[in-house]
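Letters are used for the chains, namely A, B, C, D and E, taken in the order the chains are written, and counting of residues starts over at 1 for each.
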Amino acid sequence: MTAPYALLAAALVGLGLHGVLAHAEPLRRLLAFNLLGSGVFLVFGVVARRGAAAGLEADPVPQAIVITGLVVAFAATTLAVALLLRLHGGDPPQD
Amino acid sequence: MSVLADGFTLLCVGAGLVFLLAGTVGLLRFPDAASRLHALTKADGLGLGLIVLGLLPQAAGLLGALKLMAIWGLVLLAGATVGPMIARHATGGSGR
Amino acid sequence: MEATPAGSSLVVLAVMLPVAAATLAPLLGARGAQRAIVLGLLPASLAVAAAIAAAVLRTGAAIPVHVGGWAPPLGIAFRADGLSAAFLLTSALVMGATAIFAGRTGLGAAAGTGRAPLAFWTLLPALWAGVNLAFVANDLFSVFIALELLTFGAIPLVCLDGSRETLAAALRYLMFALLGSVLWLLGVALLHGTYGVLDLVLLRGAVRPDAATILAAVLMTVGLLAKAALFPLHLWLPAAHAGAPAAVSAVLSALVVKAAFFLLVRLWFGTLPALLTPALAGLLAALGAAAILVGGVMALRQARLKLLVAYSTVAQLGYLLLMWPLVLGTGPEGTGAWLGGVLQAVSHALAKAAMFLAAGLIAVALGHDRVAALGPAGRAVPIGVLAFALAGLSLMGIPPSGGFTAKWLLLRAAIETGQWWWALVVVGGGLLTGGYLYRVLSSAIGGDGEATASVPLAPQAVALGLAMLSVLLGLLPLYSFGLVQIGRPGMAP
Amino acid sequence: MTLALDLLLAGAILVVAAWTVAARDGFAACFGFVATGLLLALAWVRLGSVDVALTEAAIGAGIGGVLLLNAAARLRGQETVDPGDVARPWQARGIAALCTAVAVALAAVLLALPVPAPGLAPAAAAALPPTGLGNPVTATLMTWRALDTLLEAVVVLLAVIGVWSLAPDAAWGGRPGPQVPPAEGPLALLARVLPPIGLVIGLHIVWAGADGPGGKFQGGAILAAMWVLAWMAGLVRPPPVGSRRLVLALVAGPAVFLMVGLAGLALAGSFLALPAGFSKPVILAIEAPLTLSIATGLALLLLGPPARAA
Amino acid sequence: MAEALLAAAFLALATVAAGLVRVLRGPAPADRMMAAQLLGTGGIAALLLLAAGSGGWAILDAALALAVLAAFASVAFVQAASGRSR
């Protein structure tokens, strides 16, 4: 039942890790890092789904962890983007 | 009654899927951006509309039905806004 | 074993007081936050840390806390043992000294309401909260939150001056830090999937050496190695620690990387001892040995003082990894290697903070920090140079100093357990340390030239105070360190 | 049928993700990333985690995607690459081998996880009724793991301060984000019509979180997106950084949360302990300011540091 | 009935997957914008059918959020992309 997503999670972790390590452009690294994060969150998703019991569709604790983790990942990405734009961005686009 | 509702659902959902598919085929096959956009916005909104219509008898209560309608309305609104923006962009307009 | 409510409240306060300071700092503004931190948070944190240490000593057991009254596995637990208490005290001392130092130098309220002061006085307590949470956390995901508090606190502080170099250093640091966090999180997912719990103590009772657990352990260890800048994942550290303002460098080198080391100790000796094999411990120590040698050689070759001090951090962190085979070799009852590792971490924290603060003052006085031209420093910043020298004694391991006791304990454990090669590394590392410190001190004392700015006495005194503490640790009799053995998992109670 | 659905979904996500990593153009890769996020939201529904699906749609693909796309557009290929960062061929092969090994090991481990799966679902189901909440995920975030949520809100605040600290000194005190001229045409229309609707939906999702999927992070993200939309059309302007109003909105949530926590310590003897029987009203009282702070924080993070002085 | 609705969800998803080819191939930014638009609609359709098929009407809130954000995101994309091409 969760097998397709387990395989997907593993593949996303591998892909994301590869992007983070192999890319030289910071923005691409950042994108890859976000994919790596998605893979890790999906591992929690598989774990949560497998832990479905007592009338709950999935174990709520890993779900709560993923929600927290998604917010952290977004905040980290904004910090990285702000750094990147300060380093390389030049002037913001003038319309 | 239930059989009738189910039949209605299947009919509408099926038709909706056909429109969605048509939109995709248009997006993939039409030669120029303008006609692709045309195919997309029409088929898209209509396809989702039919699916929403089909699901209405299945929805739990008035609130569910209202949410379904709201979803369709939002998609139409997005299409109506973004379509012209893309068109201006594609035809080399200033975008603003 | 039953904890008093007062004891558990103290542990919560150790984390929540700095959290409250970080939360309210933007509201108070830089000046108000500085006052609140120096006059309120600093004494309160020292008192809380001392009270926790006293409570742990009195009861002879760790203080468990169930946050919100929810017991694990569903709830989150804190657990303050002797090791936590020792590190909480260290963090209160170093953070407090740094806050006083920063208030008296460029980041003080005198600098006005600008961008940098607001960021500094908000993010300093955030780092404080992060390290303290790492020291008392007993939950895999709380540890992740602690690591994130550290990341979000540290990165903007590294590039506070907004220069190109420090921005690039901060970006690189961020990438390493994020990778470290995400690897830790992946390990957490696997452990939760395998055991269904996140609590460290419960996990300890449950772990089996199966594939999922081993993979999780490897991922989490690599993540922490990246965070602790332990060789070969140290590449981000020198630029980041050397580029940051002096007060920030002090906190980063003394505490932030130590938090990751602390978690590594918790993970392997506290939670996963079932997985710890001699080969693995040897591998970690080999990385440590490489760090000692590479870091030492690189420090010898640096032309700038702050970079030299930063590479010295890479080397000194290497000693910490020697703990693994030595503690393993002496068995759970062996205390020498354990104490040696902990003492190395604490004395290095105090000494390195002093060194970075002193180096910052020297750079202010001279307008540069080229090691070859430190001539006027001895006359312009005499107390600062003295602090640097005293801290250097501790790093080299010259008696009597905390660093000496630490290295001597590691040395003795290496010989007692028949692993003499680690003893060679300790001695070789000491020689390298002596080499690069000699370069600095010989240049700084008795050279000629003119200082370009004067440095007030108070910040120099802060640096000296930290350096003296690092030395004084070595004068305490060994039995007074019994604290750090209390509540150590696997020990007889 | 469900297996075919899962296989198609997982396969599509994998293809788009692989393309995102491999794409030549950074801007195009961002499109791939957003598509991945959208499909991942569907995957989360299939995994029985509608709360996470909402979060992924709102934060992962939604505002996260917009953030990255804007960054890609503003960078316009100006990124300079540190030559030391470019992998040499042997390094590239090593990295590929390492990543493959990690993925294979992870897949093997995940497929061999213990059966029956251990977990906290039974414990959570048993602890749920006294809280008065109907959604176990919200209960996890607000009661037994409330500490994580509190610190999470603090992290958002720290991120805003950190992003602001990256402003050029000359721009300090200015309004966050680049300057936007008033828009005309379809954008101006949408920016007037959509935000009121989004406001209702966002608040509904916060409110619904007590008993069904939803919550402050997801609802807050929608509120933030609506405000940013109005900002994009030049209809609203953020207050200058560091202004009292703005900082109050940012701090209110974590500050109230902290006070409730400390009240628990003083009254019930345990930090964040909620009074028995009153936990639901107290939780709602925390969630209101928390939603405000999270929405403000996310919007400010999306805007970035001020680009010019006030 | 549930089975039929899940099948419909599958078809909607397949349509989305086909449309993805445009996101990936481009070549013009306008094509990508259109494809993203289709992706949003198709994704919402699949979500609705999934909700109906599995009886999990709570999913509707997710679809609602997705619809609001899809509108916001597509506008932001077009803005970003046209800012870039100029």
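Everything below uses one rule, namely that contacts are C-beta pairs under 8 Å (C-beta built on N, C-alpha and C of every residue); 3 or more make two chains touch, one makes a residue touch a chain.
Remember, predicted model here, so these are calculated numbers, not experimental data.
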Between chain A and chain B, the fewest touch steps amount to 2
Greatest centre-to-centre gap (Cα means) from chain B is with chain C
Note to self: most contacts are between A-D
Taking each chain's mean CA coordinate, chain A and chain C are separated, in whole Å, by 29
Here the gap between chain C and chain E, centre to centre from mean Cα coordinates and rounded to Å, is 48
Distance between the CA centroids of chain B and chain C (whole Å) is 57
Whole-angstrom distance, CA centroid of chain C to CA centroid of chain D, is 31
The positions of chain E in contact with two or more other chains are 29, 35, 40, 61, 64, 68, 71, 75, 79, 81, 83-84
Contacts with two or more other chains occur in chain A at residues 13, 26, 43, 46-47, 50-51, 59, 61-62, 65, 68, 72, 75-76, 79, 83-84, 86, 93, 95
Multi-chain touching residues of chain D, meaning two or more other chains, are 9, 46, 63, 72-74, 82, 106, 110, 113, 117-120, 124, 145, 148, 152, 155, 159, 162-163, 166, 168, 187, 190, 194, 197, 201
The residues of chain D that touch chain C in their complex are 82, 105-106, 108-110, 112-114, 117-120, 123-124, 127, 143-148, 150-152, 154-155, 157-159, 161-169, 172, 242, 247-248, 250-251, 254-255, 258, 261-262, 264-265, 268-274
Listed in rising order, the residues of chain C that touch chain D in the complex are 5, 8-9, 12, 16, 19-20, 22-24, 26-27, 29, 66-70, 73-76, 113-116, 118-119, 122-123, 126, 129, 133, 141-142, 145, 148-149, 152-153, 155-156, 159-160, 162, 167-168, 186, 190, 192-197, 211-212, 215
So, in the complex, the side of chain D touching chain E is made of residues 1-2, 4-5, 8-9, 12, 15-16, 19, 23, 27-28, 31-32, 34-35, 38-39, 41-42, 45-46, 50, 53-54, 57-58, 61-63, 65-66, 69-70, 72-74, 76, 187, 190, 194, 197-198, 201-202, 204-205, 208, 212-214, 218, 221-222, 225-226, 228-229, 232
In their shared complex, chain C is touched by residues of chain A numbered 13, 20, 26, 29, 33, 36-37, 40, 43-44, 46-47, 50-51, 59, 61-62, 65, 68-69, 72, 75-76, 79-80, 83-84, 86-87
The answer for chain D against chain B in the complex is residues 183-187, 189-190, 193-194, 197, 201
